[in-house]
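Both complexes below contain chain A, partnered by chain B and then by chain C.
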Partner chain A sequence: MEDMLFYDRLQFAFTITFHYIFPQLTMGLSLLIVFLKGKYLLSKIEKYNNAAKFLMNIFAINFTMGVVTGIPMEFQFGTNWAKFSELTGSVIGQTLAMEGMFSFFLESSFLALFIFGEKLMGQKLHFLTGFLVFLGSWASGWFILATNAWMQHPVGYEILENGKFVLNNFGDLFSNPWLLPAFLHNQMASVVTSSFVVASIGAFYVLRNKQVEYGKLFLKTGVIFGLVSSLLVAFPTGDWNAKNVAKHQPAAFAAMEGIFETEEAGSEIVLIGQPNMVDKKLDNKIAVPNILSFLTHQDWNKQIPGMDQFKEEELPSNIPALYYSYHIMVGLGTIFIGVMALALFFLIRKNLYTIKPLLWTIMFLVPFPYIANLTGWYTTELGRQPYLVYGLLKTSDGISPTVSSGNTLFTLLGFVALYMLLGLLFLVLVGKTINQGPTPQTH
Partner chain B sequence: MTGTFISLISIIIGITAANTFGYFKKTYSFGLTGNTLIGVFGSVLLIKSFGRLGFDPWSIMQNESFNVSLFAINCLVSTIGGVLGLIAAKTLYNKLNQ
Partner chain C sequence: MEVFWYIAIAIVLAVFFILDGYDFGAGIIHLFFAKKEKDKAVITKSAGLFWDSNEVWLVAAGGMLFMAFPTFYASVFSGFYLPLIIVLWLIIFRAIGLEFRSQFKYQMWKDIWDKSFGVSSLLLALFFGIALGNIVRGVNLGDVHHGVSAHEGHYFFLPLWNTSFSPLTDHPGVIDWFTIVIGIISVVTLAIHGANWVILKTNSSINNKLKGIIFKLNIVLTVLTLFSLYLWQIVNPNSLNNFVDKPFLLVFPIIYFIGLIGLFYRKKIKKDEYAFLYSTLLILGGITSSLASLFPVILPSVNPVNESLTIYNTAAPEYGLSVALNWGIIGFILLIVYFIVQKRLLSGKIDNMDYGH
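Coming up: the complex of A and B.
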């Protein structure tokens, strides 16, 4: 049983991690595309239109890879997590079906129209199709986050005698107090990723002295959006999210902050330290006193319960992984603000395009927003363990009882091989598109 | 269990079919990127729409035994999906850009 649970979780972690590489870019990129297309409508300067269409090509490749890697996720609910699907299907099935019916179709239909239909539709309608693609991709995030919010903080349900969850208030799914902060935080983080991608494409063009006009446009757009979104990820959305965790999942909050022992008055915030699970303490820590209490409750001396206040079974099952995921996310987020603030400073001074070390830094930073987004999700998911539905359904009770661990391992290896192939294909397609660059067109 | 894996194989067959068709029939080709994207959507659309007739990944792996004939039909439909997707996309593209 332990083995089955381990391999089911490993397979889900692998496939969802690979899948989330793609939607996190599409959601943020759609906003930048709408911005550039809108700017073209207002200014009639052709380069904005060409830039929007170029970014839509990258969007399309990402979107398609997201679809390919999303389909096995849907199957996994039935194959590896049959018990979870059986018990909670009438709740989470609602939001997942809405995601497919409303968001996916909205996104894919108007994506095709955006790519093919500019000439026929005219510029205003072309802008509208871009906006609808944006709406579809953000609605997709909303429905998926609504599903996850219910798993983190279940509301509007009742449990029948046979153990099945049913909805007794549909509206509660969307007014769940967990949902809005999680959605805003997630969307801002996806804008950070896309801003870094766009800025890094710009840095690449400027450094190679190729498509320089577009390179400068991408750098400028990426840096401005990157700084604003990096700040918004931290405050208010990240702050709001953390307060939500402290309120609804206090054991997870203690674990992610590394609070092993409750302090009498005012909790310190740990900047660096390694969880020592044997002695139940943080080794080599660097901490600032009372800050965590202030950030969480706006009271320097407010007590925050440490892990010693909870029973063993209430604590997350992998505390070091949770602690490190959270700290990597926060650390990277801080670096993003610093780099983008520096880039904006030089952009205002009109010499960003000539500072090569900074351009190289921006270009090579591109994997890190992906890592920050993924570790953010690991924090959310590891914090909920050992539950699938927080406090109500344990992860070990949600797996398919008849699927052997060998079977799961076999398909996991298959996924690794096929995803490697898909990953290579993705890199080739994106590389080709970037290498080709925006195609100048005039109307 | 293997059903999950089959769903992914179907899509890859759709991608391959669209690219192969585009390679031989240049008038329908959108290049590697376009053909790949259309191959995905073509195969997904056909398998999702018609797979319930009895050749979707669930049916192929019914009772945990692998049904080769159904898998072959699945692959064939994916191939057709990729090819038809390319033809449909080119027709739509031509109509929209006349």
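Coming up: the complex of A and C.
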């Protein structure tokens, strides 16, 4: 039983982490592509069109990976979390089915047209198909976050005698107070990823002194989008999410922030420190007094409940992992704002393209938005533990009763092997595309 | 309401098998009959342009099943755990085969992905048939041993096979001699369908040869179909009762046989669209007949202890099903619009298209 749960969780965590590497770029990059394509329509400068088409090649590879790793996600609800599916299917089945109907169909029907149809359709229609792909991918984010929001903060349901959750108010699924902030934050975070990817490709071209014209265009676009989205990720959306967690999951909030003891008056904000679960304190702490209370409640002296206020079973199950995930995300977010602001400053002064250390930094920063996105999700998901549906359904009660741990381990190993291969292929193909560059090939 | 969603999901599934069926079939044809690089390239393209938008029908069917029949979804997906996960892996191999083949020009690279596409298409077709075979055969719900259920009555777990490979034991596995036959029928059917698609969408040099191949495959299919009806009687003697009680259900087998007979005239058929239509009828008839033979059961129980899963004892409550109707109808209309737009814009032979790519 114990290891059934363990392998189910490990497999879910592994496959969703891998899946989420791709959609974040899909969602963000589709916005940038539509932007460049739109710019081409308005200005008729070939450069923008080539840039859009080049990013589209990367997009296509990434999209394939997203689709093939996404299908296992949907099946896994049934295969590994059968009890959960049985009990909650009539609620979150709605949002998942709507995702298929309203977003995946939109995306996949128009993607082939967008990639292959430029000459077939003319520029305006081509732009339109690109826009529909963008719309589909963001709609997909919306529905999947609605699903997740319900698990974090269940609404619009009642529980029958046999333990089943039944929907009784459809509208509530979408007016869930958890949904909008999470959606906006998540979408901005995916724009961060795509901006950093584009800026990094730009920096690479400029540093290597090839495709320089496009390198500059990518840098400029990436830096501007990158700064705006990094700012929006922190404020208002990140802040709004934090307030939400403080309100609806106060125990998770205390753990994220690393507040072991409730302070008399306002709470300090922890910058650095290692949770010590034996002595129930933070080691080597660096903290600034009263800031957390101000950020959360706009009141320097408002008391925030620490972990000592909650019973053992109300606290998240893995506090250190939760705490680190959250601090990594926020820390990286702060760094992103700093780097992009600096880059924009030099961009305006027109010497960004010559400042090598900054270009190198931008180029090598590319894994970090991915890490920030993943740790952000880890924060959300670990904060919810030990529950699948917050406060109502334990994770251990959600697994498939008949699938033995041996079978799950077998499939987990299979996924690990297969995804290694996929990851390698992805890197090779994207690397090759970047190496070829956007200059139109004559063939 | 249950009946409505049952039919809606059946339609979505049937559309999935018809649409993705042709690219599975193209994969099988590609594996066995395409020898020249030019043919290989154009056949992969004829599947590559469409597989993604076709596969979404599967994703949609999954989502709708989850929403409308959560108990069935939970039971079947965990019960068929291993075959399902293997199907997922095959889907991945097939997709990357199609998408990544043309990324490098080396022959070796192309060969690898061609095989990946072909073999996984073949195995998927086989597995889908086997799945259908399992559904009509039924499973040991509750994993009953000596009259005692090991789990709640709607859960079960099937091994891939048991040593006897027989459907007649108390604990049939996923693969037995009955389901294998259905699996082969599925492979042959989809190969025919895929051949029709290749003829319709490409100018490949094997098109004429394919017409002859369809004829031969059709003979095989006819023999197998009759044989499987006989086997089905052995496995489940009541399998045809529904058709006796409600004779109007016979339209579904009739659809199947129209397709089967029509295809014998493949060489005479001038319009490739009509031929494609016949193999479409074949798939449609095959799936709907199997479902109709069970209705309202969706997963029969082979033991007397636990009752079969039906659309009534696995459905979500009324409220959810009826609100879903509202967005479902809008969704279906949109689907049809996308579908028409896409097929119109990408109509005609693949070879002649100018992608500007």
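Criterion: the second predicted complex is superposed on the first by the 439 of 443 C-alpha atoms of A that agree within 3 Å, B and C clash if a C-alpha of one lies under 4 Å from a C-alpha of the other, contacts with A are read in each partner's own complex, and residues count from 1 in each chain.
In this section, a contact is a pair of C-beta atoms (placed from the backbone, for glycine too) under 8 Å apart; a residue touches a chain by one contact, two chains touch by 3 or more.
Just so we're clear, the structure is a prediction, and the values are computed from it rather than from any experiment.
Partners chain B and chain C, brought together by superposition on chain A, clash. By the touch criterion defined above, A:L106 lies against chain C but remains apart from chain B after alignment on the C-alpha atoms of chain A.
In the superposition on chain A, A:T79 makes contact with both chain B and chain C.
By the touch criterion defined above, A:T64 lies against chain B and chain C together after alignment on the C-alpha atoms of chain A. In the superposition on chain A, A:I159 contacts neither chain B nor chain C.
Using the contact criterion defined above for the overlaid structures, shared-chain residue A:K119 touches chain B and also reaches chain C.
Once the two complexes are overlaid on the shared chain, A:S90 sits against chain C while remaining clear of chain B.
Among the candidate segments 44-52, 224-232 or 332-340, the part of chain C whose C-alpha atoms clash with chain B in the superposed model is 44-52.
In the superposition on chain A, the residues of chain A touched by chain B in one structure and by chain C in the other are 60-61, 64, 67-68, 71-72, 75, 78-80, 108, 112, 116-117, 119-120, 403, 407, 410-411, 414, 418, 422, 425, 429, 432. Those residues of chain C that touch chain A in the complex are listed here as 49-50, 52-53, 55-56, 58-60, 62-64, 66-71, 73-79, 81-82, 84-85, 88-89, 91-92, 95-96, 99-100, 103-104, 143, 151-152, 155-157, 316-317, 319-320, 323-324, 327-328, 331-332, 334-335, 338-339, 341-342, 345-346, 353-357. Those residues of chain A lying in contact with chain B across their complex are 57, 60-61, 64, 67-68, 71-72, 75-76, 78-80, 108, 112, 116-117, 119-120, 403, 407-408, 410-411, 414-415, 418, 421-422, 425, 428-429, 432-433.
Interface residues of chain A, counted against chain C in their complex, comprise 60-61, 64, 67-72, 74-75, 77-80, 82-83, 85-94, 96-102, 104-106, 108-113, 115-121, 166-168, 170, 400-404, 407, 410-411, 414, 418, 422, 425, 429, 432.
Chain B makes touch with chain A in their complex at residues 1-5, 7-9, 11-12, 15, 32-33, 36-37, 40-41, 44, 57-58, 89, 92-93, 96-97.
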